[in-house]
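A single structure is presented below for examination.
Going in written order, the chains are labelled A, B, C, D, E and F, and every chain counts its residues from 1.
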Amino acid sequence: MPTVVTLGEAMVVFTSEEYIPLEYATSFKKGLGGAEANFAVGVRRLGVDVGWISRIGKDPFGNFIIKNLKSEGVDVSGVKIDEDHPTGIYFKEKRNSIIANVYYYRKGSAASFMVPEDLDEGYIASAKILHITGITPALSDTCRATVYKAIEIAKSHNITISFDPNIRLKLWKDNEYKRVLLDIAQYADIVLPGLEEGKMLFGITEPESIAKKFLDMGAKIVALKLGNKGAMLVTQEQTIYQLSSKVKEVDPVGAGDGFDAGFIVGLLRGWELKECLRLANDVGAIVVSTKGDMEGLPTMEEVEIFRGNMVHIER
Amino acid sequence: MPTVVTLGEAMVVFTSEEYIPLEYATSFKKGLGGAEANFAVGVRRLGVDVGWISRIGKDPFGNFIIKNLKSEGVDVSGVKIDEDHPTGIYFKEKRNSIIANVYYYRKGSAASFMVPEDLDEGYIASAKILHITGITPALSDTCRATVYKAIEIAKSHNITISFDPNIRLKLWKDNEYKRVLLDIAQYADIVLPGLEEGKMLFGITEPESIAKKFLDMGAKIVALKLGNKGAMLVTQEQTIYQLSSKVKEVDPVGAGDGFDAGFIVGLLRGWELKECLRLANDVGAIVVSTKGDMEGLPTMEEVEIFRGNMVHIER
Amino acid sequence: MPTVVTLGEAMVVFTSEEYIPLEYATSFKKGLGGAEANFAVGVRRLGVDVGWISRIGKDPFGNFIIKNLKSEGVDVSGVKIDEDHPTGIYFKEKRNSIIANVYYYRKGSAASFMVPEDLDEGYIASAKILHITGITPALSDTCRATVYKAIEIAKSHNITISFDPNIRLKLWKDNEYKRVLLDIAQYADIVLPGLEEGKMLFGITEPESIAKKFLDMGAKIVALKLGNKGAMLVTQEQTIYQLSSKVKEVDPVGAGDGFDAGFIVGLLRGWELKECLRLANDVGAIVVSTKGDMEGLPTMEEVEIFRGNMVHIER
Amino acid sequence: MPTVVTLGEAMVVFTSEEYIPLEYATSFKKGLGGAEANFAVGVRRLGVDVGWISRIGKDPFGNFIIKNLKSEGVDVSGVKIDEDHPTGIYFKEKRNSIIANVYYYRKGSAASFMVPEDLDEGYIASAKILHITGITPALSDTCRATVYKAIEIAKSHNITISFDPNIRLKLWKDNEYKRVLLDIAQYADIVLPGLEEGKMLFGITEPESIAKKFLDMGAKIVALKLGNKGAMLVTQEQTIYQLSSKVKEVDPVGAGDGFDAGFIVGLLRGWELKECLRLANDVGAIVVSTKGDMEGLPTMEEVEIFRGNMVHIER
Amino acid sequence: MPTVVTLGEAMVVFTSEEYIPLEYATSFKKGLGGAEANFAVGVRRLGVDVGWISRIGKDPFGNFIIKNLKSEGVDVSGVKIDEDHPTGIYFKEKRNSIIANVYYYRKGSAASFMVPEDLDEGYIASAKILHITGITPALSDTCRATVYKAIEIAKSHNITISFDPNIRLKLWKDNEYKRVLLDIAQYADIVLPGLEEGKMLFGITEPESIAKKFLDMGAKIVALKLGNKGAMLVTQEQTIYQLSSKVKEVDPVGAGDGFDAGFIVGLLRGWELKECLRLANDVGAIVVSTKGDMEGLPTMEEVEIFRGNMVHIER
Amino acid sequence: MPTVVTLGEAMVVFTSEEYIPLEYATSFKKGLGGAEANFAVGVRRLGVDVGWISRIGKDPFGNFIIKNLKSEGVDVSGVKIDEDHPTGIYFKEKRNSIIANVYYYRKGSAASFMVPEDLDEGYIASAKILHITGITPALSDTCRATVYKAIEIAKSHNITISFDPNIRLKLWKDNEYKRVLLDIAQYADIVLPGLEEGKMLFGITEPESIAKKFLDMGAKIVALKLGNKGAMLVTQEQTIYQLSSKVKEVDPVGAGDGFDAGFIVGLLRGWELKECLRLANDVGAIVVSTKGDMEGLPTMEEVEIFRGNMVHIER
């Protein structure tokens, strides 16, 4: 039984690799996307057992997702195959260095049909961390119910809950996300938001004040991502600020998920909070400097090489 | 106002260009698919004005479709942009030379929201041919109603109706297609089925008998496609059989649409039926021997070159 | 009849996408190049009717050009097909970040055979703007005569003339360009030069002084492009300086044409000069940050999104 | 513990996808090769548990191999990571339709350092089939000793041994292969040779006589592969000949491994020999008609679709 | 000084690798084309010294050509660099398996400015064979004069002249080719035409009669290429017919040049005519079965492997 | 006989062109690598005759190397073809902007079997410069002996020896490199180290002190590469510091070899040391700003264009 459990949708993502409007792009690369799946791979590469709960379609894209996660050692025994609905997909468009878009084909996807009955209480109960994001409750009513059911199970077994708001405006009607995500946040022990998300949820812009809001709602630890400025950790007792390592940004997607994975793994290893934050930051930086959502997620050994990059590099 | 009018869904199609299961394919080419759009381009390249009626999403894929059809000179003034629903897409998989599949993401697409009110009576009324396929009525109830409305307009203005059954089993529940397509066939003056479709609709396998069935239902001309064996034309008065030119098959998709386009253009030019069938056959053969659904559709000049291919070819 | 009319050569451009000498490049992408065609697409995307006058060869490259411009909605009724001469092409070489070259195969191209008789007086007469560049008069004697003829028509019908010097040294013998371009500049109401071009024409380097030179020759408005430093607008009454938006430069080609398009569209909308300059600048910046000469040209809606890029971007 | 166990080297294979001498090829695709790994994936896809024993290097190519096999569900608990030696690789060259070559970089590879001590007796003892090929004993003395050790374990636990000679002349000195492979063949219950291999080992060309030779040496079943002519099964009691399904050959590599996998799975299901041979043949045909060594290996469901390919295929 | 000397134009050729009209192709591969350059490489690979005389532009494409020929060991000391004119290029279009086209950009190319003064009498005089084709005299008046000058030098030094008519209709006005090529043929000792060319020159279709025509004009040996049917050699004394080896046709371009090279090398080695014809045929077959104009030209060792292809091929 | 002679291993290098771990890369480009081969091409492009001594395998990769060097005009008469050992290859991995790796398959390569007997005394004796690097002595004992033999020949004929330490830790056991390279350095007249290498050899970090160490060991000139900070030249008489031109770094590999080539060519031309250093710097900068190890090496003409890059560049 895995030490960390998460649930959510994984999708196949199609990317054109140039700064060009999607209508003019002629060829696309297939990849794997999905915040919770990224997180799971991140945790596994850092050496901790992890399980990912979801639904996928009985189609080549579902096979692609499940085989990729298996190859990384993520436990997929909690994944159901939905014969009636397709695996979700999406397209990434980079019009230019300012304008970027995603186009989802995930409405009615297999994952959006997750139901509370998909959850195996024992599976969650034997974990130490349940990690949830703000994406899953936006997918459908049954997905939202599934998230609440997972929270309920975790609470009843004293499993620590970590929560990344991961606001995707395209998935929400109007401002509904505020109500739902703030409600979920109440149950979280660890909250891992981005600064921008803090602003959207509370309408305030000062990092520490945002973190305090979450603490007031019950969180014990808030690790706030500040992009290429680093990260800030706030508890009732202390505030720690950590600069980010300087890397060439190649592909920012997946950095937040890597951050979450690094932080949770640090905690599970019993490290000091400052060290957890440093690992989170470094994993995020490595992901940002590598192509692909998932390919850049490092092993512990690679984190060490990254940190010691002053040693001679042969090319 | 165009001489030929057709209506249906166009989609963006993503293809991996090797015989490889979709789950292992890594890169995909973007193209334009859709039987009626293919037909429209085919008619236009052969020199006849044509209009295509549809709905597309307000997204890059919709732009791609509309710009492509514009570039070919197809009249798109009857196309509505649907702000609320995406343009349909699909994936083609060639597992090997025996097994091929398509994976649609067209449920709830913009085109599936076509309604009878989208039709402009004067637009259809001023044409000489209305071309419909068996795909559109399978897309949604409103699409089916739209097809019937178009038939009603055509009938009330004495516009000739041509009909290609184009059976797509993935779009139909069970055997519902039989009832619907046979009902529509009653209104058609010209029917352009494949041999396989004849078998599916009537449960009989002999080409001439299949054609007779359509004649009994009211058709004046039946042009039956026999794949690489050529085609057979049947009216109350005569049966004409025409062999196919021998070409290397590169990509069979779109050949039937090209056949339809060639046949209709021949008729509109007042050619003898035998010559119409020959043009239909040759257009189909050229499409089959070229990559892409639409790229291979020939101009009249290219048909002539094709026919005279015994002249010296410089390489 | 279009509101804006321009004339010039469009070519197919082949690019190797790496910093590598052309002799070592192994694969090339096909695109569409040509300052006036870029300008026309830019104007059209911003919502104003535009016609492009030219000659293309009766060959696949001519088809490619004409279909692309049609797909964008540019009026091509003034384009002649030349059966005897090929469509011009060229190759772009980026040796490295310092040395770049172009290799033209346009001598004797279809467009170089444009003649004054190709022009339809009524077509130009019904426009509001005639846009010419310094490239066309360099192509051949007949092209130069055609440009003068267009100017003559415009003048006799009180059509505003805008002029972008667009100096291409490879097309000119020695310093002949000075004489010709300064002669043409006399007829222009609006001049849209680059700073470098000002230096080449007048031998002076101070932006405002360069602009004054053009005003002295009869121009009413001079909008001087200063690259990533922005742009300066000078009239007899005022001088306006506008900084450029900060973008990641992806492909600088076409930025000047986009600038011209933005400026002219602003004027046609009756905007204040400062707003015209801002639109020109923003269109240029968007083009610079996108791959391809033409693909990045924005719609008005995309300009708005670009300007409001501080809103949350989902990736 | 897996039902089938095999051991051997897997390599990363680099292929240029055109008929072009390797020295002129400019780009290469990475894939996974190795007869026993192919066999293992084939068995797994057909629904039977399988374990693959080997050594891989501690390098990206080793990771690639192990992750791929994991993703397919092959048990890799018997794989050792060798920190001192690299994972083997090779290049495939198709000069033209007549001349093909491979270029190995596998001398001193991790797998060539397999030793008898790598084997876990219990792991093999709990299987029903041990599958070995003639490649492994050619890799090194320790590899040969490891094969003999595996045979010894199998024999002492009454595990059925299947053997595919898989002669690779590049790996053998002169005619040494004859002595070694004929010695190993004595221990095999099932022998799965190609016709060509029969000729090389015994110097005779008649299929049934070749099979008899193996039966005389102690084999109970010989299934002889006859390429696109099908296969022949010979036991003391009967001779069965089975034609091959007609497919378009896309990539012949891996077909023999697929044949072996199909045959063994049929046996394990308790099927009649004729049915085992049919499955072997069909798996081989599907692999031959698909790109890649491993990608084409079918599931049972795909075999059924392949067999029923007369049903309507939507494209 | 090389044993064989030839003269002609080499060009850079751009190919789209699919059966698709050129206007829709998006990416192109760069290669090297030109009958005499192919011939020269063919001769060199078979082990005989050869020199190629031409002009190239001072541009990357000229560099590409000269470096490629140098790398193959062709003597290029007789090549002039023309600073004023570009290297010729062309595009190959394969619309489908029936229609193929080339689009030349070679008018005014560097090579078309070859003049008799470019020839070094001693260079030709010290060779044993001068090989000319019917392409060079079609390029320009000065090229034609250069060919006649080369013939004159060869004749005055008793150098054997071999001649391949290589009719390229696109380069000739009307039927002018007949007059010119038949005039040149009078000077040839060895003529190496295709059957189709024989028909075009003499209006007769029977192979042996065509050959006789050339013999009547003074040739000593005529080796007539019959495509995939093989070749026929005719002298005053004998007629030899040789079947072609059966290969999968991958790219027919360059096969005739390879045939010429094989035949000439056989003669220079003093082989019997039958053996010369066999080598010519086999070289042609190998080229046809390999991608690229030049890449497939074999060494003598590869010819041997090709002939002995019955030996075991490892894949 | 060439003016400059060098010896070492050239390899085929396979690169994935993205920041992605090698295990996830799917396609690779083939190139040519090897410090001494780079150096030789650099010298040749700058206009000085150069010979490269080595061994290559009798395989397509050996052909590729030898043909490439021939095409550049490098004298390869001193290269032996080793029928028993393969040409070395390697893979470059760019995990991200911080972590880069190489994976060699060069153990037991043809070049590692170089022996002193491969050297032709007259060939070296007639040169003015012998250039050696610290890579060759690391390849094998016989390679090391060959380097010493070359030094001995050079010394006995008063040939100037230039030496680039080129430390490749992967090729050395522990700190063995210090002993060997410092021993070789004693024989060098010109030493061309990187700053980092100076630190590794002497354990000191101050550029001038590092240079002095080499002078103390007998060098007459030390040109120390300081990366993008430029270079420093130190002799007994003077110290010259030269800033680097500012370029966009595209591919740093080969820059050091280009630096060496520029410096040596300057010396051979009898230039002042400051000018030699400037050429070395500029060649290095041009290489760094171009893709590929070798493709960016400039001709003297290109160096001039680079230096005068303020002139108008047409794009």
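As a convention for this text, a contact is a pair of C-beta atoms (placed from the backbone, for glycine too) under 8 Å apart; a residue touches a chain by one contact, two chains touch by 3 or more.
Please read all numbers here as calculations on a predicted model, not as lab measurements.
Chemist: By CA centroid distance, what chain is farthest from chain D?
Modeler: Computed centres place C farthest from chain D.
Chemist: Based on the averaged CA atom positions, which chain is farthest from chain E?
Modeler: A
Chemist: Tell me which of A-B, B-C or A-F has the interface of D-E again, with more than half the contact pairs shared?
Modeler: Within A-B, B-C or A-F, the interface duplicating D-E belongs to A-F.
Chemist: Which integer distance in Å separates the CA centroid of chain A from that of chain D?
Modeler: Chain centroid spacing, chain A to chain D, equals 41 Å.
Chemist: Measuring from the mean C-alpha position of chain A to the mean C-alpha position of chain E, what distance in angstrom results?
Modeler: Each chain's C-alpha centroid was found; their separation is 63 Å.
Chemist: How many angstrom lie between the CA centroids of chain C and chain E, rounded to a whole number?
Modeler: Here chain C and chain E have centroids separated by 45 Å.
Chemist: Quick check on chain C: which residues sit in contact with 2+ other chains?
Modeler: Residues 21, 26, 67 of chain C each touch two or more of the other chains.
Chemist: Over in the complex, which chain B residues touch chain C? Could you list them?
Modeler: Counting only chain B, the residues touching chain C are 67-68, 70-73.
Chemist: Which residues of chain F touch chain C in their complex?
Modeler: Chain F reaches chain C through residues 245, 247-248, 250-251, 286, 289-292, 295-296, 302, 305-306, 309, 312-315.
Chemist: So in the complex, the part of chain B that touches chain A is made up of which residues?
Modeler: Listed in rising order, the residues of chain B that touch chain A are 14, 21-23, 25-30, 59-61, 63-64, 67, 86, 89, 93, 103, 105, 107-108.
Chemist: Considering the complex alone, what residue numbers of chain E touch chain B?
Modeler: Chain E reaches chain B through residues 18-21, 24, 92, 95-102, 167-170, 196, 200, 252-253.
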